[in-house]
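What follows is a single structure, written as structure tokens, with notes after it.
Chain nomenclature is as follows: A, B and C, assigned in order of appearance, with residue numbering initiated at 1 for each chain independently.
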Amino acid sequence: MDMKKLAGAMLALAFGVNVACAADAAPRTASVSPALEKYSRDALDKLWRQPDLAPRERSIATLAILIARNQSAELPRYLNRALDSGVQAGEISEIITHLAFYSGWGDAMAAVAPTSKVFAARGIGAKQLPAASPKLLAIDAAAEAKRAARVEKSAGPIAPGLVRDTTELLFNDLWLRPGLAPRDRSLVTISALMATGQAGQLPSHLNIGMDNGLTQAQISALINHIAFYAGWPKAFSAVPIVADVFASRAR
Amino acid sequence: MDMKKLAGAMLALAFGVNVACAADAAPRTASVSPALEKYSRDALDKLWRQPDLAPRERSIATLAILIARNQSAELPRYLNRALDSGVQAGEISEIITHLAFYSGWGDAMAAVAPTSKVFAARGIGAKQLPAASPKLLAIDAAAEAKRAARVEKSAGPIAPGLVRDTTELLFNDLWLRPGLAPRDRSLVTISALMATGQAGQLPSHLNIGMDNGLTQAQISALINHIAFYAGWPKAFSAVPIVADVFASRAR
Amino acid sequence: MDMKKLAGAMLALAFGVNVACAADAAPRTASVSPALEKYSRDALDKLWRQPDLAPRERSIATLAILIARNQSAELPRYLNRALDSGVQAGEISEIITHLAFYSGWGDAMAAVAPTSKVFAARGIGAKQLPAASPKLLAIDAAAEAKRAARVEKSAGPIAPGLVRDTTELLFNDLWLRPGLAPRDRSLVTISALMATGQAGQLPSHLNIGMDNGLTQAQISALINHIAFYAGWPKAFSAVPIVADVFASRAR
């Protein structure tokens, strides 16, 4: 065995490790279920071409669903799809930060590693990311005062710290960050709530979302999108809640 | 240092990487909790020997629970146990595909990699997997017409796309695939609903499941099984819903 | 190329693999979101300094939340923080075992690997872990008889196996293990229930927890803690349930 052969063998060994890792990340679906491969191709492609939600909105919703359900395996594919569909890197950065608060810190932190890799592979650097402390959007002081009073009344006596942080961190800070439009923050929030079956908080965020510009047609299309990415039961559980909100706004 | 020693050292290094990966996959439970090791041996073994659900049914339920909860770490062990208990590879393929719809695409996709490895290790190939588009079971047209009318009435005005896909993809396609008996599809569906706390959709699927042949004794045993694999609170939350369905069918 | 250079190259290759693994485990949050890095530093640090829950209690709650939500990525950081905050290794062992029953076997098993690594790195061995079958705490026979009768009445006819295991494994065994104080078991249980949105079982465990010594102020602070680690919606969903229990105990 000469040195070249040895080096080759060692390279193959090292390469073998990498190949094994790559194989873990991208297994062939058909080796387990030809039907799942077919549905992934046909049914999902048909879903993404449905009207009322553009691929950009579907990408935002899908990222929110995957991160809120802690499903990092599928994240790289949909991060790339989002960037290819017009979602800006800075918006993805804000989506992850938003979900730290609306889905839990661990979900956001788990999204950092796969997102960092995708950003690096596409040459996305610090310049394309929102500042930690940007100039905030103007606040609607009257609406915020009403919201704060309502939450203080319902939750203040039981969880004063939660009420304080909700005002300071969420409605006077996070929601005013300019890197993601309020309508898209609502899309992220509602997607996460539906995807994790958080029925209790859905009505208020459906109302905020429609105030922020989401339409009934978009929310209907979102329910259909949720069915595929968070399961049929989550979609059907959202239907009566959405129906009640639509009805209450029609009055 | 001669070449043999060098090769040995390099192999050890490379091997060390593999050992580290293997150690990640199979840590010694007792190094963290001797009690958990004891319960895993005694309490789980006792559970699997309880009457009313055979190891084959417990395997199907456990796979559904693990996939619906996105717990791929435990999946290889229970995939092998399922195959050893009489669950066919083709049935596992169908379980994963079924859960894409009933638990979310990401859960099914996350199950592909570990399942692919187990199938490869056991020499399970394409011939043992159901075709992507097999000849479907005959549909019960009268029952399906009633179901479709009921869902159209409740969800049609809010989520027409969801209602269309429910008919086309689920009840005129997925549920008629011959690779998994309708009774076992119900077992998968009910297990996933209980394991993820989806109370809202449980009554209709308990009724479908009992129409498909699941017995009260099996569902009672399933609740006990759910306690161990999805936690006691999920099991207790299912009890009053199951009680209502049993009572309604006794009338 | 001489042998030293070759060895160096091979080491670099092998090291490169390790570096890649390390990078996966600890990505730079700022490369994805400078804002998330800022909030992780400022908002979380402020949270941990809030009164009513000491760092030891916050550590126990955070471990319960992460394990119950199957978020092993963040686990090593908080295992180390717990050990640095006065949580004993034996208590961590009991927390994981407790969650096998209260969150599901797969969640506990997924916590074994990262915990085993942290224990090994800190030289924590078998001597510091609770025995598999220790001498149990004395049982409050009168309270247990009332609990058993209540559960037998509500769940006995539907799920007799569940009722039997609840008595034998949980209230005559797990809860009496001396390695974790009953108050801390309640903190673990309530944290897991809030973090996974299990509203149905929360009232009874809030009552058990307050009987075990948890105060209203601690539970209020826990709701605030839950907001960060399991998301704002989970915290707000817990508020009315906690309010009802507080009110019922004030009567």
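By definition in this document, a residue touches a chain if its C-beta (ideal position, glycine included) is under 8 Å from a C-beta of that chain, and two chains touch if they have at least 3 such contacts.
What you see is a predicted model; the values in this text were computed from it and never measured.
**Student:** Draw the chains as points, connect those that touch, then say whether the picture is a line, ring, star, complete or other.
**Tutor:** complete
**Student:** Copies chain B and chain C touch; is their interface built from the same residue numbers (over half shared) or different ones?
**Tutor:** Looking at both copies, the contact residues mostly diverge.
**Student:** Would you mind pulling out the distance in Å between where the CA atoms of chain B average out and where those of chain C do?
**Tutor:** So the centre of chain B lies 25 Å away from the centre of chain C.
**Student:** Where in chain C do residues touch two or more of the other chains?
**Tutor:** 3, 6, 10, 14, 17, 70, 197
**Student:** Given the complex with chain C, which residues does chain B contribute to the contact?
**Tutor:** 1, 3, 6, 9-10, 13-14, 16-17, 24-25, 27-40, 43-44, 47, 50, 65-66, 69-71, 73-74, 195, 197, 220-221, 223-224, 227-237, 239-240, 242-243, 246
**Student:** Taking the touch rule as given, give the residues of chain B at its contact with chain A in the complex, in rising order.
**Tutor:** The touching residues are 3, 6-7, 10-11, 14, 17-18, 68, 70, 92-94, 96-97, 99-113, 115-116, 119-120, 126, 129-133, 154-155, 157-162, 165-166, 169-170, 177, 192-193, 196-198, 200-201.
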